[in-house]
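Got some structures for you, see below.
Each of the next two complexes has chain A plus one more chain, namely chain B in the first and chain C in the second.
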Partner chain A sequence: MSDPGLWALPLALAGGALRAATPYLFVSLGECLTEKSGRINVGVEGILLVGAMSAFGAAWATGSPWAGIAAAAAAGAAMGALHGALCSLARVSHVAAGVAILVLGTGIAFFAGKPFIEPQAPTLPAIELGAWSSHPAVASALRLNPLLALGVVLAFGMRAAFRRARVGLAVIAVGDDAAAATAMGLHVDRTRLAATTLGGALAGIGGASLSLFHPTGWSEAISGGQGLMAMALVIFARWDPVRCLGAALLFGAAGALAPALQAAGHGHAWQLLHLAPHALTLAILVTGTTRARAMRGLPGELAVLR
Partner chain B sequence: MTSAGLDPPPRVEARGLARRFGPVIALDAADLDVRPGSVHALLGENGAGKSTLAKCLVGALAADRGRIVVDGRDVTLRHPRDAHALGLGMVWQHFSLVPCLTVLENLVLARPDAPRWIDWRHERAALDAFLEDVPLRIDPGARVADLAAGEKQRVEVVRQLRLGHRVLFLDEPTSVLTPQEADALLGRLRALADAGRISVVLTTHKLDEVIAHATHVTVLRRGRVVADAPLDRTIDAATLATWMVGHAPPSVARPAPRDARQPARLSIRALRVARAAGGPPVAIDALDVHAGEIVGVAGVSGNGQRELVEALCGQRSVDQGAIDVDARPWRADRASMRAARFGCVPESPLANATAPDMALADNLVLRVFDRAPIASRTGRVRRDALRASAQALAARFAVQSGALGRAIATLSGGNVQRAVLGRELVDDTRLLVAVNPAFGLDVGAAADVRRRLVELRATGCAVLLVSEDLDELITLSDRIVVMFEGRVVLSTLGVEADRQALGLAMAGHSAIASARADN
Partner chain C sequence: MSSSVAVLPRRRALAALGAAATVAAFGSRPARAAPKPVIGFIAAGPWNDLGYTQGHLDGIKALAAAMPQLKVLKEERVPEAVEVRKTMQSMIELDGANIVVATAYGYFDPHVLAVAPKYPQVQFFHCGGIKSPQHPANVHTYYAWSDEVAYAEGVTAGAMAKTGKLGFVGSKAIPDLVRVVNCFATGARSVNPQASVRVIFTGDWANPAREAEAVNALADQGIEVIGCDVDEPKVFMETCERRKVLCTGRHTNLAALAPTRFLTGAEWKWATPYRQFVDAALAGRRLDDNLRGAMAQDYVRLSPFGPGASAKARDATTTALAELASGKRALWPAGLKDQNGKVRIAAGKPLAISDPVLEQIDWLAEGILGTVKT
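Entry: the complex of A and B
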């Protein structure tokens, strides 16, 4: 095959999936961890924005994209820890606290990000998986964000930890039945705070993957609600990190549908096609919450979703 | 991990333990001596202090005064960890297992020395080896959420033994078990104790359990030890009952059978109701409750009784089939309830039958506040009339006086129960659904409630009585049905009811149960 021709659309979708999956993956892994511990953080969209902004700012200031990632993780962890601390107060609604984090994060990112709208920062080096191919389309589709590779490792690592590590089982126990976990000598609040903090750090890294990889840059429209959609994705993945990976790729592909069709010359309803990821989110929320089976894996303490 | 066969259990003594909760003296200078290898029953009514005493001895509650002596040494138990170090552990009334994990995962996670990275094959082999030595059958691979209550109770006991505990405290261990499950569990524990490998302390209010399985009994009444004796043939149920309540317990006479069949007030046909926690749906082909009849529903809790009651009260939608009241389809709205003069005492009345943050007085008049004399013609609520009505209703079952203005959620469980009983068991009730109506009441008040049910029956009220107390059901019911996994598996006349057959049916052995019932 010398001409992509018929393959153009699937190739563009695959490329889009690989390109756009990274932020979804990190945010959903973070949210998965948070929710497994029995907390919900609806503020991840705000953390994603803070992560994107601080990653870009730090990379611009230091000249190193890796310093950007570290800054994003630290900022995300701080926001996650704030959420965790708020939730451990008596009679604080987790959802209301999460909304506060969402608004706060968005505000911080927009305010502190003003000076970064123009400049250029160093980009993360791509992993050129498509170097073997002579087709520029194939090569471009397989230019991987290095953070995606990290995310894949993390997804499998998290699943293994939930199955085989003492700390992973402790998170599940704390999230499924706080009273039973306490009776086992586990520290419920401490475990949840740690999970929420780490979850925030992952969402922050998700933000870094937005602003530090092609196309680099910081803008206020950078996330387009991906943090919110990642929450639906966790439900779709039934709180399993590896299924989060699959779901992130699916969401990435849905996001690539409109540009791919446009590129192929079918651009009539592109505004509608841009809705694909949102429509997918809605479909998942409807099907995912109406069938009892789909709720398997739901942490018992996460009563807010019932 | 030590095997269950090693070190004998320590001797545990309480000397003059006392504990108050605010103005209430829960425990008043109690003494207890648990000898190695004994099965020691702490017998008493609700609120007698038996659970308080047990909690003090496992470090879950600090005593205000008194000493705890283990193997002759004074010890201080500030935390369950301290008790763990001495080999003392508690199996709680409410299970402390994580539902979504397997039995094996729960057992490993409970160990303080669980490895960071767990080799499940190794852990499974170690547990299997341990279980060979312990006469308790459990399935390590099963998810706890899928286990029956009796299996969970066994897992809890295995967990205690695995933790190296040699003195096991069990808080009302049989409250969620069928009689057969209870006998099996206590029998196994007694065997382990007789072999000198463990001591058992169990809190209970069930006399037959004490007689069948205990080696010693300590009876508590209002926080004081009133009797302490080794169990021998001279101690029978009547003796224990007299110790427990201070006098011979009042008995409610079985109501005389009614001669003529009255029409069915409540009639259930081909009913299908989905279950709250999944599992088989409630599926009842036919169940009638006639005027002037008490129909008892027996069963281990969680076999569909709750969903049946919720469907009758309009809290849960009916998937298929019909519920008729007075031969008309039942719509459980306020108008129909008033027309049918329907009353309901559900389980967990605070959550299911009250507005917890509203005052006791307001809760008492929930059925009548929108009618004269409380409501004026313009819909205004007359507070004085409301108060008078509330006072009258509160007096029926002696709800704590002076609490009318307090939020009902701040009252004790027994008082909430009395308030709901006072509201629902009014004279003109014609159809009553009652779940464990005497739960949490002392013996005297429980007898009042039962007498009241019999009175209502005599005036032609139809009563559906859902209860976990077999004696209550056998004494009061004209007919008894047993529910298991959502179905009615046994139906028998109250006068012919046989505890053994009922117990087997509750455990799902319906074939055997109906064969026995036929004899």
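Entry: the complex of A and C
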């Protein structure tokens, strides 16, 4: 019989990880950069939605998914810059400003996205890594999102930059001790503004992946809280971009667990299994905040949430 | 504490104002002349969601086209929370609505039930709720049963699936959905007794990422046809087209979203009850407390067949619908077993579509792989 049954589960999880990891990866890389500079942006969920909406709108209007990515990056950068500018004002709470960005982003995306719910836009062409396989499930699992490939390069590049490059070290210096960084002659506010803006652009590109690759289309329900989960993922990854990649793949696989089991005819506890990514988030927050581990990798300035 | 004391008189004053407005609107007219109907629709989703809310919008548009003189109000994206009370109040007090139609499940209890007693001249219609005798007199519910159209979709799907392996993607495992899944499976097994249906519930009314993942998981398992009942099936249809899996639609005609894979679909036809609400108001007639309809009442319809459906499948579907209508074939046949082989419908006693037992159904029919209760 050609019934793949349960052996298809690892394949489904791998396919789910590759399909769903990209938004987690880009949002967490952006948040990692922002937090490394000593800022926190809890509004990335809003930026993710703005990115998804503007990417879809631009791809629909121009017929090019690449124009959609550019639009998402620009819109995300604008939101990030707004957050960065707000946070550089005296005595502004980063968390409160981030919540404002979250609400504003959601509002903008829902309001401006109204005309984009019905139409269909061109999607990103996949890198067909599974073309060698005659098995449709394998071929489908290995349809690689080009943005994921970009994200992998970016993750390793960011790690290298944080370790060796002047610009990466400047971000870390600013994020670890603003006074010392100033004494070194670094522009604290300017560096943070740049990091927050770039972080916003990355979150916007994460949104583009949602509307242009998987699941595609613009819908108000498209993110399902992925931007919020990506924030927990940064803690799990201990502010290391390459570990963000691993964590993003893990979250992607967790989301595929319940559908894969139900498709194989094992429907028990599906409500609980759907919660796998959320349960993972909670578990990370609990284990990540035990006293012994709390400070590892944490940017020094981030602890002082003004 | 002091603030609540200060607020109370204002709230009373507002209530008095509201009462005065109601009296001004209706009280001064002769008792016999029914007020000109003004109908207001409230929805939780965006109107153009290509799904559940769009089904209502189609009905509203048809109503407005049929009665150009009628004043029609509509508001979208109203949360299933206290916000809906404010929307109902402003529709009534500011825009003069005397028929309020609340289309989302969560509006009914406690919101519609709380607002209705304050406006006895206004008739409230809720989609999907069940009215009991203790509820306010001016509250009504309406709903359309999709059992027959789901059965017909199942017949098409069963006739198209060579190996008999079908799938279904549902939102929440509530009785309305369980009915649809059961009828889909029963219909499929009427043409192919070996057919099986694997059900994936996503747990959310709309969750495009999960729905796409569900289609991928079913396609990976070699499923040939997938049915759906989610609130926004756009991503579902597009993913089926991409994975080259045949599919059936829901809510409105979704043929364009899966041009080569679309078989048929279960559509609402809310224009029918909406016309009844207005006609009853004009005639000063009272409608049933719990208004229900199906194919015979023109509350639902089957989408025209798509290019994916073979002539054989079309014939089998048309025959099935004709036999259901004539009573030759039972929709909920006597002796129907559940997925564990237990007989759920007693021999010799097929259930009618209107049987109240079906409003509480919590078992999946024979041939379905999936779980309702955990």
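Some notes on this structure:
Note that in this section the second predicted complex is superposed on the first by the 291 of 306 C-alpha atoms of A that agree within 3 Å, B and C clash if a C-alpha of one lies under 4 Å from a C-alpha of the other, contacts with A are read in each partner's own complex, and residues count from 1 in each chain.
Rule of thumb we're sticking to: a contact is a pair of C-beta atoms (placed from the backbone, for glycine too) under 8 Å apart; a residue touches a chain by one contact, two chains touch by 3 or more.
Since we're looking at a predicted model, the values are computed, not measured.
Superposition of the two complexes onto chain A shows chain B and chain C fitting side by side, with no clash.
In the superposition on chain A, no contact is made by A:189 with either chain B or chain C.
Judged by the number of chain A residues each one touches, C leads among chain B and chain C.
Rounded in steps of 10, the angle chain B-chain A-chain C defined by Cα centres in the superposition reads 130°. Of the two partner chains placed around the shared chain by superposition, chain C is the only one that A:260 touches, whereas chain B remains out of contact. Contacts of A:216 after superposition: chain C is touched, whereas chain B is not reached. Of the two partner chains, chain C is the only one that A:8 touches; chain B does not reach it. Once the two complexes are overlaid on the shared chain, A:271 sits against chain C while remaining clear of chain B.
With both structures placed on the common chain, the touch criterion links A:167 to chain B but leaves chain C unconnected.
Of all Cα pairs spanning chain B and chain C in the superposition, the closest are 21 Å apart. Common to the chain B and chain C contact sets on chain A is no residue at all.
Those residues of chain A that touch chain B in the complex are listed here as 164-167, 169-170, 172-173, 176-177, 179-181, 183-186, 292, 297, 299-300.
By the touch rule above, chain A contacts chain C in their complex via residues 2-5, 8, 11-12, 15-16, 19-20, 110, 114, 117-118, 120, 136-137, 140-141, 210, 214-217, 219-222, 224, 226, 255-256, 258-260, 262-265, 267-272, 274.
Interface of chain B with chain A (complex): residues 80-81, 92, 94-101, 105-106, 108-110, 112, 114-118, 120, 278. Those residues of chain C that touch chain A in the complex are listed here as 45-46, 48-50, 77, 163, 167, 198-204, 206-214, 216-223, 232, 234-235, 238-239, 243-244, 257, 369-371, 374.
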